[in-house]
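In order of appearance the chains are A, B, C and D, and numbering begins at 1 in each one.
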Amino acid sequence: MCGVIGICSKSNVSTSLFYGMNSLQHRGQEAAGMAVYDGEEIRRTRSMGLVIDAFTEEKLRELPGTIGIGHVRYATASGSHDYNIQPLMGFIGGEMIALASDGNLVNYQILRERLEEEGMMFQTTSDTEVILYLITRYYDGDIVEAIKKTMKVIRGAYSVTALVKDKVVAFRDPHGFRPFVLGRDGDDVIVASENAAIEIIGGEMTRNVEAGEILVIDGTGIHSDRFESEATARNCIFEYVYFARNDATLDDINAYTFRRRCGEILWEEAPCDVDLVVPVPDSGIPSAIGYAQAAGIPYGEGLVKNRYMGRTFIKPTQKEREMAVKLKLNPLVDVVKGKSIVLLDDSIVRGTTSRNLIKRLRDAGAREVHMRITSPPVAYSCYYGIDTPNRKNLIAANQSIQEIEENIGADSLAFISLEGLAKAGKKDVSEYCTACFDGDYPVDPTLI
Amino acid sequence: MCGVIGICSKSNVSTSLFYGMNSLQHRGQEAAGMAVYDGEEIRRTRSMGLVIDAFTEEKLRELPGTIGIGHVRYATASGSHDYNIQPLMGFIGGEMIALASDGNLVNYQILRERLEEEGMMFQTTSDTEVILYLITRYYDGDIVEAIKKTMKVIRGAYSVTALVKDKVVAFRDPHGFRPFVLGRDGDDVIVASENAAIEIIGGEMTRNVEAGEILVIDGTGIHSDRFESEATARNCIFEYVYFARNDATLDDINAYTFRRRCGEILWEEAPCDVDLVVPVPDSGIPSAIGYAQAAGIPYGEGLVKNRYMGRTFIKPTQKEREMAVKLKLNPLVDVVKGKSIVLLDDSIVRGTTSRNLIKRLRDAGAREVHMRITSPPVAYSCYYGIDTPNRKNLIAANQSIQEIEENIGADSLAFISLEGLAKAGKKDVSEYCTACFDGDYPVDPTLI
Amino acid sequence: MCGVIGICSKSNVSTSLFYGMNSLQHRGQEAAGMAVYDGEEIRRTRSMGLVIDAFTEEKLRELPGTIGIGHVRYATASGSHDYNIQPLMGFIGGEMIALASDGNLVNYQILRERLEEEGMMFQTTSDTEVILYLITRYYDGDIVEAIKKTMKVIRGAYSVTALVKDKVVAFRDPHGFRPFVLGRDGDDVIVASENAAIEIIGGEMTRNVEAGEILVIDGTGIHSDRFESEATARNCIFEYVYFARNDATLDDINAYTFRRRCGEILWEEAPCDVDLVVPVPDSGIPSAIGYAQAAGIPYGEGLVKNRYMGRTFIKPTQKEREMAVKLKLNPLVDVVKGKSIVLLDDSIVRGTTSRNLIKRLRDAGAREVHMRITSPPVAYSCYYGIDTPNRKNLIAANQSIQEIEENIGADSLAFISLEGLAKAGKKDVSEYCTACFDGDYPVDPTLI
Amino acid sequence: MCGVIGICSKSNVSTSLFYGMNSLQHRGQEAAGMAVYDGEEIRRTRSMGLVIDAFTEEKLRELPGTIGIGHVRYATASGSHDYNIQPLMGFIGGEMIALASDGNLVNYQILRERLEEEGMMFQTTSDTEVILYLITRYYDGDIVEAIKKTMKVIRGAYSVTALVKDKVVAFRDPHGFRPFVLGRDGDDVIVASENAAIEIIGGEMTRNVEAGEILVIDGTGIHSDRFESEATARNCIFEYVYFARNDATLDDINAYTFRRRCGEILWEEAPCDVDLVVPVPDSGIPSAIGYAQAAGIPYGEGLVKNRYMGRTFIKPTQKEREMAVKLKLNPLVDVVKGKSIVLLDDSIVRGTTSRNLIKRLRDAGAREVHMRITSPPVAYSCYYGIDTPNRKNLIAANQSIQEIEENIGADSLAFISLEGLAKAGKKDVSEYCTACFDGDYPVDPTLI
């Protein structure tokens, strides 16, 4: 999980990139990087940490130019190394290129080995470097052709923004796993992982970057091309369950509406007679609202979130995750004391967070704590960019729902069905990537 | 508005202070400071900006010691100068003292002048320096006596934590304007502006620091004394309306419950026949929940808040406030499009934010936007620590509700009554300070 | 030992102060501070470390204004605390004052105690705070009168620059212990510890600030006044021996010429039949040149100094001093191998440095190492601003020259006589402060 | 011009690398980088600026490991970009490699183009990347063979240190343009640009890394191999004239002795009847000593250098150079007033510095200023790593000695002869690279 943005404008873009990247911060808090082309060269700043810490006003001034790209990085398997912070950069056809990607290649390792055998030297452990090297290798003056040749070789999930000379280039894998949208602000063109990045800088989303689409954006406009393949769109359903902002409308489905509907459907599938419906903030809020309204049970915020720190799921180590849980959510005694409650959350991964929350809610006086989850059990690892742990650490891969219920100490536990989930988005299950729930991998993660 | 914390422990306190200060971050984002006594001397670190930026792990290591205090500062009239960052520090009776305060003295200027006439030199423009200098002047080996003499002289609002030799000292003005609570974590004792700071480090709030109370906390326990006066407690009602966290239970009233009730009462006082009740996050959420439930109208989050930036009301300049509004809240088109909505917010100060939000909601497709405010019109300046602007900038001091309604472009506008507000806290109006609404100043701000 | 500078100009002074402070860096490397008056208020930046590290271009931009002062601090007995970094600052008669001093008050402790008894609170452990508080206390609209009253009370060494409203104020103790010069650059007026600070910014030294003189410098010119006393000038002779730059002409004596003459006189007093005269860089260079020329023996640099680190004598701890010796000076094998040499150094304080150097020169192949010192044995502590250690750590206070010779492992050792030293400056011994050599303290350091 | 160091030890090396790099700081002040192998991976820190600023104690702690390399970079033609800071890093045969070089490849451009044609992507504009990529490409499990193949292809000057798995690898071009020495500290092995880096950490230089030699250093010892070629050693003579420290003994010639002899020879070739011999510090000091002793004229330091800033020749822009001249050297009026002097300097490149100094010495009262230069006129650009400007900016490429004399305003001007210079090192002219003086380029800079 990462966030990407690219802007082609008539005026300086570094401040707009900064705000856009801030609005994508929920997609990655480990590192942030920006590259801007000033007419002569590409300047880049990269740093571990939040966007707001990585970029001072002074640093933004040192990145002048009217086209640029940005990236926020989630902690991933490739490791927390400085050299992995995107955009990556290099020289192609005598000019500079900068490139950043959201997603994950399933055939990264084998492509890297082949390129190394051919004499390439890798400088990072990020799969984005493979994309960059392949484009360079195939480049012969025509960037779209080079990208098409690259897309023929790489397999997996990628929403890529790049700076190539005076152009912003964007392309998305044929399955469209990761979100990617296009917008305008007057003459300025913006591509980004989510529409919030477009809206925050005053623009409007116009459409999706389609699965398999290749865009070249410069002063003359937006040039669209396609990588032809037999793949059909399989948007990651977990974006709607958890990752995207509530205001995201990705591939024509709004995340908030999706989540509220999940709550309603979950009430139908697994009702619960309690005093209060309580969300795990922030991702459980819309579904708790939906559940409460469908049920006619009062909705109440029984957990207070500290607004000045990061997000639970995003921290790299188990220990940090536990610290974060303890730090960020504080039960609201006055609301939960003496009440039977149903707690709405988006997913159960390891079970640690749920167990911890339920215990703390009971300590705060909750009489009963039932748990309703707006996604099916996560029983398979993701190979397309979401940092789900190894299967052996996925509680649902190893325990029955009954066992999980006992394990986390809930009075009752229910997950939404996969069909229910798909229905929330008004698409068929087959139109999503649901691999983490059912192991149906659109791109084979084990072979190439 | 500021936040204070003090910890007396058997083990190192800098990390606990750090987390406690983080949980008070909503009370002040302009600057942060910490002072820790290591058995020989007090070490201090102060910095402009958020707690998380001001204190690295390395800086915390450089502040060893088992007792310490911390402060987060809101931008106030005394100006954004480095030298004003608290805790202030000095030498008293051959030992070091560090002191930090939440509140504002109404007779600061005249006390300062008197002290200057007597030859004192001020090094800051913070009223906290007057408190520090008076204690020093009155100190004769007995810190409690020095504080009592100081409290006889200073007028206004103050919740003070100090380090004096090996003790944490805490005292609160006779009206108890600003919140102040006491808690324990095993043998450790914590005082803080809000209970979240106690709970986050694993402790439990035990009671309030009472109005007029003086606490001396050291290895031998908690020693309580009182400054005798005829003043009665007048807790700032705006803490419940806006400032305190939802999980704060201050002077026996929980903020979340208070706010939810405000919504219910507001529905009774000013009903509104709409499709959806929408909160202005975060402070409007509990009252919108209450309003919706009382009304039987669906509740929905129509504005998405960016979780990675600060809070609207806290920024110092008008221009920054407008930027912040535009940046932080994004209308959720899918939720509001074609709907008539009622927007719940905690207060209208200048009117700019409301006008902006209403316009953006209409742009996003809302058919009707009604506004309900969970506080009466703010028509008077606060002299007790809340940074309300000069009366000439308070929209409610200059316009009728009708005029404001037009000004902000609402389809209808209503404020809760003062009696309704007081009722939400189950106290009488006379038990609160309500000066910002009715001009009834418990301490005369113009004389001394 | 510290360095001070003050500039009154028609244009911005922060950059000039920066360069001037850099040229005084040899007088103090522990911390640096600058205060500039912008017509409305005084802004200040202070930091531990070198001038070049403390002030970035951005920080200089944030200190606009046409009058300002600067200070570089040597590590002194008052301790390495942030709060001691000068200039100190405060409010006097409703306006801001900033003040910085080079020197040391012998009656600091008793004055501080008296002021504390009267209710003053100290915020530092620097004696400069006493000066600042006394001026504030005596101030009644006439700054010169306030300074005169202050000078009546304080005893010891001080060369002070201050910003008072729109004026640079400078005054020097009646003995003129520490250097202080005055210069011009067109209409700009500069006061500084040494003339290099004037010359580096393009100006010219015009005269000394006289012992007991008080200068008020503003747009209308330089106003001179005097504090009347019976004291006679007793300039610190150690400034010429060690501290001042070679290009310093302080109280009409040039440091380089003084040092070269010391070498000549030392040859007359203690000749030595060797192959080569080698200086301990940098302070031993001029005297080695003088010694070599008087003797007709070749001069050669047998020790290479690393130009990118600080100065030996200036580091605060014994361990750091030893590290510094090992790091900074590297024997030049090719020059010293097989040679008998005489090593010229300015002083022997603890003996550690000399012992170390002699050993390393022998390891590098020197056949004989004789030592000649251009100051008499340092046998008494300084109370006027030079950080000589306690007498028990002064090797010459505890050992005979014979014993020191053996202790440091020299083939022979000789010190210049006090009369010889005075002669180098063409003044009488009684015209200098020579307390560190003979215990003749112009101001009684034990009483007041 | 750069400085390199590599250490293979039994204990942590980051602190030793830090001190060693400090002792090489004169070879490059623009940027500094360090890479350390911790047994599992190579960690790297790179930063613009001085070593002392780039590495804090904390950063050194974050670079644990017993083998490592360091690099200090001089501002060169490749541009002041972050991405060019060495060591460069990559993955070779599944392991990490880090590599740093002092020197310059004359066929960098053509090699880069060829590699790009083959599909390689460059990420820097540093010629060191070509070396790194070629080694990777040729690597087949045997690092020495890969280096030999690389050396067959690259042409120019290079002294390279690299980390390859658990080994320090070092190799030097067949002409040995840039210096490179080897030393020991007990079992630890150190390679470095100059012996000072070995001595500062307590070790001893044992021999040179020979021209064309390849060293592999690991726990089992030092393994030497050779790249066979017909090239003969042509050490850069300008290292002795200017760059190396006085204590450097490079390819068996000590820099201080070389420089002193230059002064003696220059006296023979161009005597001058004056009152005083004055060096331009620091590089003119040994030759001024030699000149003075040969002439029997007094030697005196007439220019004071500020010890707390960098070195004249090293700053990248003309404007900065002029600032630096003005800032760093202050004439010593007392020494030069009324005197006829001869000024000894190492070289005249643009003439600006000399003109400036002569003017300032006359302003300070010097009656006559003669100039003697310890190198022949610099009339040709260097292509082997010294940042001499383009020929059109070399004053000696465009003016006769007579014209230069007038241009800089000297009473007389003389340069040492090339034969005289070579004699100072007791080698034949043909054993040096003297291209910058006579255009005799050992490696053709225009072809390949």
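Just so we're on the same page, contacts are C-beta pairs under 8 Å (C-beta built on N, C-alpha and C of every residue); 3 or more make two chains touch, one makes a residue touch a chain.
None of these values were measured; they are calculated from a predicted model.
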Labels of chains that are neighbours to chain B and to chain C = none
Chain A to chain C: how many Å between their CA centres?
-> 61
Whole-angstrom distance, CA centroid of chain C to CA centroid of chain D, is 35
Could you put a whole-Å number on the gap between the CA centroids of chain A and chain D?
-> 49
Would you give the residues of chain B that are in contact with at least 2 other chains, written as numbers and ranges?
-> none
Can the chain contact pattern be summarised as a line, a ring, a star, a complete graph, or none of these (other)?
-> ring
Write out all the pairs of touching chains, ordered by chain label.
-> A-B, A-D, B-C, C-D
In the complex, the residues of chain C that touch chain D are 19, 22-23, 25-26, 29, 50-53, 196, 199-200, 245-247, 249, 254, 256-257, 260, 282, 285-286, 289, 292-293, 298-301, 304, 306-309, 311, 326-327, 330-335
Residues of chain A that touch chain D when the two form their complex | 44, 82-83, 88-92, 116, 118-123, 125, 132-133, 136-137
